[in-house]
Amino acid sequence: MRIGRVLRTSAVVAAASLALAACGDDGGNGGEAGGEEGGVAEKSCEGGGDASVTIGTKFDQPGLGQKTPEGMDGFDIAVACYIAKQIHGDDVNVEWKEAPSAERENLLERGDVDMVVATYTINDERKQKIDFAGPYLLAHQDLLVRADYEEIKSEEDLKDASLKLCSVTGSTSAQNVKDDFAPNADLVEYGGYSECMTGLQNEAVDAVTTDNSILAGFASAEQYKDKFKLMNFNLSDEPYGVGIKKGETELRDQINAAIEKMVADGDWQKFFDTHLGPSGFKADTPTITEK
Amino acid sequence: MTVETSTAAMIKASEVNKFFGDLHVLKDINFEVPRGQVVVVLGPSGSGKSTLCRAINRLEPVNSGVIHVDGKELPKEGKALAALRADVGMVFQSFNLFAHKTIVDNVMLAPLKVRKQKKPEARESAMQLLERVGIADQSEKYPAQLSGGQQQRAAIARALAMRPKVMMFDEPTSALDPEMVQEVLDVMTNLAKEGMTMFVVTHEMGFARRAAHRVMFMADGEIVEDTTPDDFFTNPKSDRAKDFLSKILTH
Amino acid sequence: MVDDLAFLFDKYNVVAAFWVTVQLAVLSAIGSLIWGTALAAMRVSPVPIMRGFAAVYINAVRNTPLTVILVGSSLGLWQTLGVTLAGERATEVNFRLAILGLVAYTSCFVCESLRSGINTVHVGQAEAARALGLNFGQVLGRIVLPQAFRSVIGPLASVLIALTKNTTIAAAISVAEAAALMKTMVENEAHLLFLVTVIFAFGFVFLTLPTGLILGWVSKKVAVKR
């Protein structure tokens, strides 16, 4: 038990440090070619046709957008792939580019990517610089707790000052905790969610908080199965949209049509169940707002 | 000339051997220095004079043999060794004044930290000693601001401040410009007159003749001759001593 | 531009965040000087165990990325072993652990600077002190280290500047210093990314430039004449 803990902790320490080191590299070359770190960018949904499209996504978000040795994997990837095929045909070549949160607008404005599908919450500040299509998923900020944890029952319980919450440094979720629903809580902010997850396992924190989609992605991972549960609170609305260059209304309409088709023919539900379902996460099918 | 030892000798070395790697630097050294005696050690470069001098307060540990100071065997390390060193004054060729402290602070440091004297008391005796070696007016300066001769006199005052039982000098005038040699020798001569036990490595033949009771001549790590200055200079017995003297005196 | 600046300073407490950075840097600097000096003393001590310990410690810690040390102390010491350093709130605990980690890391560099300083002190200085009956601690503390320190104020200033910049890594373990606020601002004001970067770059220059200048001046003042 003790040894297990120590090993687990060491693994996360090593991983977290490597992740930070990788961020450093991105900074070095202006984040320009995050995807080219391992040589050529990853090519899942590679049709071999003439049409090619570059999509920015997360490379490190389990269940949503993750780069694995077998290729790209996650709900965002599946959605992006579906949209690309709808627009450019089944044999489209998708080139994946890493889109860290702070880089997403820049990637679009510079034309480095054609679209961004990367847990990208639609909001007005962002719309000053870019346009959105979608949303393709309506996420909410939520809490992930240990499966046997009973201290928190309702959102009211979050006012308790002894509550230890964990989130990522500077993230919108962390700010919501401080400014909004749990200003008194003891908030721990780490560089990544992996550190929060070990904290949750080690009982150093009571709950991890961020978008339920992200939490579901972690909780759906093999090693965490059945250990955690989502509280299913609705602490904020996070409609995930597809980011595109400002003024590309034709592309926006095409993407919206693709999303509607994906929902209508059941593929959306299939993707959702595969990548995010195992954690018991439920979400309604999305309604297009960005027209 | 012989000075009889009523009590234990001030310095006594028995069967002392010292190696630097394969180099046998001190070979079966045996001698005694009685209280109040001034011994001058002569010998060609590399003969082991400095090593012997440094062995006496264990700045250089020996490989075999025993050294006694004031009847006590040299302790190995720690408090006892520090206490012994406090009683043995040492003056170096390169002065070694503490570069970051003023002259008077150099002199006061060990009385304050080792003898635990009170500050006013330590300062007063420091100033007296500086007066005695003729540099009281330099007391607030830093070592680098003094001439070589002044620095060496300050170093002697620093050693004397501990009221040592014996003073060791390792070529105290070799690093000095010629015009400064005499002022240092004068201080040493006065010290000898006052009855201090002194062990002096030097090439100053004048000092040896004037102030020494005894000359030890070293060559190749051995004490080759051990006699009075008169006898040594007028009637050297060994070839090596004759050779050494002929080189020195033709200068 | 000016409007944007006013907006950012109005919405975010940049000064408070830098104040945390200053606290981290100052407390860690004090700790590193003390522990780094102790390590240097061990490295030159006559006791083989101490020399060995210091050598192993320095080579292990100096070659470990600071991120690993900080994340490791938060995840390992706090989460796994329950070390809290008498802090009650998690934020407090992590602040103290950050200082612990920064001290553990920076002291290696303080030690190595000092050791190079010790090497510039003439051996005759220590010999003269030993010959007067000073013990090892006194020789080191009164004679060798004061001279060594004076000769390495320049390199120590570099260590201090590096330390100030290294405090940004504490953001990874929940310390609300400048880099943490920068992350927040980047998250919210991605359209002002350039301005935000400039603010923080300038903030660090503002902290570190005087350190270098003042210590450079001090170094000249106290230099030992030989």
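Letters A, B and C mark the chains as written, and numbering starts fresh at 1 in each.
In this section, a contact is a pair of C-beta atoms (placed from the backbone, for glycine too) under 8 Å apart; a residue touches a chain by one contact, two chains touch by 3 or more.
All values reported here derive from a predicted model rather than from experimental measurement.
Measuring from the average of all protein CA coordinates, the nearest chain centre is that of C.
Two chain pairs are in question, A-C and B-C; the one with more C-beta pairs in contact is A-C. Taking the mean of the C-alpha atoms as each chain's centre, chain A and chain B sit 80 Å apart. Per-chain Cα centroids separate chain A from chain C by 36 Å.
Rounded to whole angstrom, the centroid-to-centroid distance between chain B and chain C, based on C-alpha atoms, equals 46 Å.
Interface of chain C with chain A (complex): residues 65, 67-68, 71-72, 74-76, 78-80, 89-91, 94, 169, 171-174, 176, 180-191, 193. For chain A in complex with chain C, the touching residues are 5-6, 9-10, 12-14, 16-17, 20-21, 101-102, 104-106, 125-126, 128-129, 164, 169-172, 174-175, 186-191, 195, 198-199, 202, 204-205.
Considering their complex, residues 46, 122, 124-125, 127-135, 138, 142-143, 146-147, 150, 224-226 of chain C touch chain B. For chain B in complex with chain C, the touching residues are 57, 59, 77, 79, 82-90, 92, 94, 96-100, 109-110, 113-114, 142-145, 155, 158-159, 162.
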